[in-house]
Amino acid sequence: MIRYLTGKLSLVVVQVLVVSTLVFSLIHLMPGDPAALVLGTERGGDAAALEEMRHKLGLDQPLLAQYGHWIANFARFDMGVSLYDSTPVHTYVLQRLPNTIELAIVAIVLAALIGVPLGIVAALKRQSFVDMALSSIAALGVSFPVYVLGAFLILLFSFKLHLLPASGFVAFSDDPVKHMLRLALPAITLALGLAASIARMTRSSMLEVLNKEFIQTLRAKGVSEWSIVFKHAFRNAIIPVVTVIGLQLGNLIGGTVLIEYLFNWPGMSTLLVKSIANRDYPLIQGCIVVMASFFIIVNMLVDLLYGLMDPRVR
Amino acid sequence: MNMSDALLEIRNLTTQFRTDKGTFPAIAGVHFTINKGEIVCIVGESGSGKTVASLSAMQLLPPAGQIASGEIWFEGRDLTKLSKKQLSQIRGKSMSMIFQDPMMALDPVFTCGSQIVEAIRLHESVSRSAAYKRAVELLDHVGIAHPSRVMEAYPHELSGGMCQRIMIAMALSCSPKLLIADEPTTALDVTVQAQILELLKRIRSETGMSIMLITHDLGVVAEMADRVAVMYAGKVMEEGDVRSIFRNPRHPYTQGLIRSIPQPGQRGGKLHSIAGNVPGIGSMPTGCRFHPRCADATDACRRSEPDLIETEEGCKARCWKAHPSWEEEEAG
Amino acid sequence: MLRKFVRNKTFVFSVIVLLPILIVAAIGPWIVPHDPLELHPENVLKPALPGHPLGTDEFGRDILSRLILGIRPSLIVALGSTLLAFTTGLLLGLTAGYFRGIAEKAIMRVVDIVLCFPPILLALMVVGFWGAGVSNLIVIIGIVYAPHFARIAYSSTLQVKKLEYVESELSLGASHGRVLLGCILPNILSPLIIQISLTIAASILLESGLSFLGLGVVPPAPSWGQMIGQSRGYISLNPMYAVWPSLCLGVTILAVNLLGDSLRDILDPKLNRS
Amino acid sequence: GCGQGGQDAASGTSANTGKTGAGGGTLIFGLSGEPSTMDPLVQNGAPGRPIKLALYRGLVNYDKEGKLSNELAESYTVSEDKKTYTFRLRDAKFHNGDPVTAEDVKYTFERIANPKNNATFRSELSIIDHIETIDSNIVAITLKEPSAPFIHYLALPESVIVSKKWTEEKNGDLSANPMGAGPFKFVKWTKGQEFVVEKFDGYYKKDKAKLGTVRFVFYPDENTRVNALKAGDVDLIDYVPWKDAASIEQDPNLKLDSVSGPFMQLQFNTQFAPFSDPRVRKAISYAIDRNTIINTAFNGRGKPIYGIAIPKGYMGYDEKNETYFEHNIDKAKKLLAEAGYPNGFKARLLATSQYSYHQQTAVAVQAELKKVGIEIELDLPDWATRVKKNTDGNYDFVVAGTSGDITDPDWLSNFYSGGAVRLNNSAYFNDAEINKLLVDGRKELDDAKREAIYGKLIDRALDLSPFVYLTWREQAYAMKKSVAGFTNMPGFLSFQSGITLEDTSIAK
Amino acid sequence: MNDILLDVKRLKKYYPLQKSWLSGRRGHVKAVDDVSFSIYKGETFGLVGESGCGKSTLSRVIMRLTDADEGEIRFEDQDLLKMKGGALRRHRAKLQMVFQKPFESLNPRKTVGQIIGAPFEIHGVASGSDKDKRVKRLLELVGLPSQYADRYPHEFSGGQRQRIGIARAIALNPKLVVCDEAVSALDVSIQSQILNLLNDLQREFGLTYLFISHNLSVVQHMSNRIGVMYLGKMVEIADADELYANARHPYTKALLSAIPAPDPDAGKERIILTGDVPSPVNPPQGCRFCTRCRDAMPICSEVAPEFVRVGDNHEVACHLYANDGPASGSVEGGRAP
């Protein structure tokens, strides 16, 4: 177990290193000059000030030197400071990452709670009206962008019903109830979109399992249809669904920009987008390394989970 | 044998399948009986409807299939008329089934033990621990060496023979009156096959259970069967006790089958085989279904289909040759 | 073969939905009720007006006309990028799954790495290299989704490769190319077909998400993704502005999904028993 | 500057939880962005300014009418040679209890002059020759040469007075340790979410600072910001999107305070044909119906500029220029024909797709120019790329949204003076006469003479038209009806409205 | 007739197990462990053994479908395991296989004509109408109507599919055909058809077969010599008649006694094996059969027995016969008659 984990972890490290190297070499290809942006729009054109700022930020050094510097620091778990406000990158990341993870997990759980039962129903009612209706909803679910969905939810829950706040963030430690209330809408919005693809996945997985021979055995044993579907078929069908959910979870870490904007949720995606807009190289680098690690680790966990759920891969 | 001994009686059963090209009967007017404590083997060409007949008896046909007509009497009830709920009370309890591929027939994500326990607790209100104990006993009974270890094992961790024995243990868990076994040993080698056949026979003699055994292996038939039903193209062609089938087969198809068995000592020689192919489900010949492949076919065979008629005590054949009128026609 | 298509209800239904869309895409410029580029400052963001059944956008342009003219660029982006993602992904996945060894390790690591790259960063880099534009958008979306295809192709190839008909082809002395194209490819298509329909939807949404980088169809020319993106600010003023293009996309995706499902059935000879 | 740092892709969050400050209630201010640093000498976008003006005060200030008024300076005198300004300081205190002294003033401006600190207005304030502390509360600032706008630059939120002792104690890191002599003192700054200040009891205006706490919550997305106000999550927001102005006005619980100050313009790369020809630029000015832009990009909110972007009441304003380039397709065509383009030409217009009103202005301009045969291809990269292209002079012409920094006409220098390509000039535009007039105007302190100089300059500017001004755009704050005292300052000063936070109160 | 066609020496094939995340151990399935035998030109070599003992693996290694870990295979005096690329591809024409699962070995998306025509295309032997003609001939040869060429595999019965597999295997006139359970799923009548077909083909084209089956009567009917495998090892090799008449290894004996006789009155003494088949990951020390052997001696669980010659063309790996002296140096089987 330990050897297995260390093996996997070293793979993670290598992968993260490759990602960071790639990111490093590629972000410098983006047009835009961080020095000019740091100086602000007022003075961006002042050549002398620009030179000075570049020097101050260390951007005048050769790329290789900058990279060596970054890697050396990174090896000591130091991801540098933001070009913009000199705040250490890890401060930002530590502040944002929990929010992101929380939102992602709550959304995924919700999505699974919605999508899996719908998928099962669709599989059981295969090729019926219900199935058709569900797959239409799923198609719309992947086509309606989150902000349209979110905007309608805000209209409904915040403006009309006054049930939930439209946006914002309250630290859990400050007020858990308000925290959860503010988490509700973004999580639901995200979940609805994800639920569509989970439902589709569950449906096809269920269909496949229901065609397996052991289902016949269960019937021959006299197991009730209900228990066949929910105890046996479900346990078997959920395994590939979990894989997909894991992948989605990984994607959510960097893929919730619009949700974070719409609900003013302080997560990693907006941090990344902001750092990209500002060409804040260390922050971009830090964000991506963290996201990539998260993605890879989630994938690893999914593998482990897979083993837990499916005795055959143990 | 006496009619009151009948445990399962399939009367005039026709099961059809919907396909893109229409609905075709896979078995047509199948008729046979299994008495209490009897082992009946069903043999026949592949595609002749053996599996469909057994699935019909269990009411476990795939969605495309449906029973078009006929009755399946089991313990005084017509299974075709029962509700799903009533059926699931019978299945596993009074009649159970084991399938051909044991590895595929067990749920891969539950331990073997829990699957047996589930079967027990479905039909008998016993505590989990009591059921567990019963399951261990059953495993011991079917000849598994370390039953408590196997209880915790997952199907993929066991060999095919062990899985098949677990299937049997599961099928036996509620001491059913009838066991339907669809090619239970095809995937296994002869030594394991021998163990399992031995086991089935032992259980039959201990509990008086009836067994409907589907197999291709005439050796198995000879060893196991009390009576044999020979199917061809969706019909029972001949039925009778095992000795008369082997010693004195009436139907040309059965005769062909018996003659096809390789005999020791004629290595490399030509084996007998029945010429031609089984007709497809959608292209049944008129008259006797076997006549295109039958060496003795006459016009009568081409014209109309013979009934399954009694040839001697307990034996029936579906052949004009066995028909009382045959001699006359021959003469005329 | 043709009869198989016609007999498949799902297929017929999806064609009934898709065909008009394609026809409209082809003859769009001649049937638009209004010039989709013409500004009408007096009529902005109206939900529905006489002559403008679907209302107007923030420039007072006719939404219906823009939807109609938007089909073509949207389809080009969606199909172009999906095709790119599909072919690269398929190639990589097949190679990795079939040849195993070093190719497998290298390809799957690269795929993992690309997977954990945020699309926006990829987009910025491509913009940095080659500038903005439709073709670059296609490249970006292609890169973003190729790993998904690669993964699917990879795992299906692993499965199919073990099957005996692949081995039997190999044992005949068939070249790898022949085995890959003749045996493996046709049998791994069906999971890929599902992914294709998902990618088509995702690429249009990604277009709307990346349009702030100047990627995609350059305004004022319309495309669905761009309309969806632009409508974002006006949901409170004219919600239908956001709903119409999303709905069009949704219906198209539904039809593509169904088409995918039915193609899978039709191409599978097993499901057409004689 | 461009004056719209508010919408850069910053992220922020709200929190209307927690304790209330020392009486007076809590105001939650939804800001369109988060300042990157709180060091006051850096101007990094409009949203930072209200926070600065809550924490700090300068020597002088603009009052609610936009006139210069004394702040920490009780009074000041100007020497005969117009070069030395002597300020007498009030009896004001920093938040840590220290008095504001002449030494602090001297330290503040020397800090700005130090190139290391990258002060935004260092070059403007480099006119200061030296500073003398005459007394603990009297300080004299001597300039290198007379400068009319100098006193205006002291009124910028970037010229607020910082404590020497405190700053040195904190190694100059004022961003993490903001401390000034303003009405509110710093409580906490949660990066990416909010900046909290509370009432400073020692504020020198005894009856001011009515609020107990102000929480500046960062809402970078405009739709979210408006939603938050409508849902009651925040009390006050800046940068109201134009499309939502009407619905806010109609909302019984909300009010809108809007002025027109910033403006949209086109800048040209004057190095290449056809935009090197003033006739072409003027033709473009004639050709564009400004109302199209207002009605589409700004939802009907704003006023057209058919002359030059000088607000009424500012020096240099002239009624006659209001209609200088009034929409006239014929004139435009004629000018184009004269310039040798009777059938128009093709050009690329740079804007950004990151900010919708930039993009929409570009689309509207494109549609308008098509009517005189000019075919425009839009270039709509993200903001950072757009800035880079702008400052590299890598464009044909470009849509810009901007504002003057000060109410003194010297703001024109940044736009019209020749020299290096800047964000706010038309690339390579260099007119000797205009350059000279700008210098003259700056040195002259007599208002009448300045009027004359700037009058000439504006005539010349309109004649050469290196810029085509498009529209005044409305700059609005929106708030709950229960918020009182917060005033949107007119003209260029909208972004300095934070000064009125000291008068703001909220009825609960 | 006495030339060695295929010579297998000390062949090993271990399948690595998926690394386990619980234990972190990496095990091996010893599917074929040190197996040697030879096949002569024109004979049928039967291979029997319980399921999972490595018969299919052995044939897959011979077919070069998986790589061996150790050992040598000589085919017509060429080292098969060293062949690569184009040479290997061309060589494959001489070595063909009929697969165990008739349905899985036919590509479901190709018509039977395409499947049977593939060998001609691949080796450029024939194309176009010439190919079609050959395909039809092959179909007729294996007893299928030639118009079936346009059908898909799923439209055939198991026996017909098996015949399609045979047609494909003999298309290029191979030297050696490996028949892996070619008749296991068929009823006796079709089984006879196919066995007849195989015998006819052998006579007509001088084919050599490696014939793998569970069904010992069938093996007896077909084979000249027979090898018995148990858990990855060859335990006995003998002429067919000799083996059936005079089996030596306890496992072989049990195997033969388990054959169900197709005669209801053939009362017969059975050796029913007890105990479970050991796992090929952790096979028992010493003789692999010792855990289930009635005659096991102490030495059996310690030392792996070597092959000893116990009669004409009869070798066995069992300690019971160790006194009869080791086999004459080489491990290869006795000579065929």
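The letters A, B, C, D and E name the chains in turn, as written, and every chain counts its residues from 1.
Assume a contact is a pair of C-beta atoms (placed from the backbone, for glycine too) under 8 Å apart; a residue touches a chain by one contact, two chains touch by 3 or more.
Quick caveat, the model's predicted, so the values are computed rather than measured.
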{"item": "Selected pair, greater C-beta contact count between C-E and A-C", "value": "A-C"}
{"item": "Chain located farthest away, centre of chain E as origin (C-alpha)", "value": "D"}
{"item": "Chain whose Cα centroid lies at the greatest distance from that of chain B", "value": "D"}
{"item": "Chain B and chain D: spacing of chain centres that average the CA atoms, whole Å", "value": "91"}
{"item": "Chain centre separation (chain C, chain E; CA means) in Å", "value": "49"}
{"item": "Between chain D and chain A, distance of the C-alpha-averaged centres to the nearest whole Å", "value": "38"}
{"item": "Where chain B and chain E are represented by their mean Cα positions, the distance between them in whole Å", "value": "30"}
{"item": "Junction residues of chain C, two or more chains touched", "value": "124, 127, 232, 235-236, 273-274"}
{"item": "Chain E to chain C touching residues, read off their complex", "value": "60, 63-65, 88-93, 95-97, 99-101, 104-110, 118-119, 122-123, 151-152, 154-155, 165, 168, 172"}
{"item": "Chain B to chain A touching residues, read off their complex", "value": "58, 60, 84-85, 88-93, 96-97, 99, 101, 104-110, 118-119, 122-123, 154, 156-157, 167, 170-171"}
{"item": "Residue numbers on chain C that touch chain A, as the complex places them", "value": "109, 112-113, 115-121, 124-125, 127-129, 194, 198, 201-202, 204-205, 208-209, 228, 231-232, 235-236, 239, 242-243, 246-247, 249-254, 257-258"}
{"item": "Of chain E, residues touching chain B in the complex", "value": "49-52, 157-160, 184-193, 195-196, 199, 214-218, 220-223, 240-241, 244, 254-255, 257-266, 270, 272-277"}
{"item": "List of chain A residues in touch with chain C within their complex", "value": "15, 18-19, 22-23, 26-27, 29-31, 135-136, 139-140, 142-145, 147-148, 151-152, 155, 197, 200, 204, 250, 254-255, 257-258, 269, 272-273, 276, 284, 288, 291-292, 295-296, 299"}
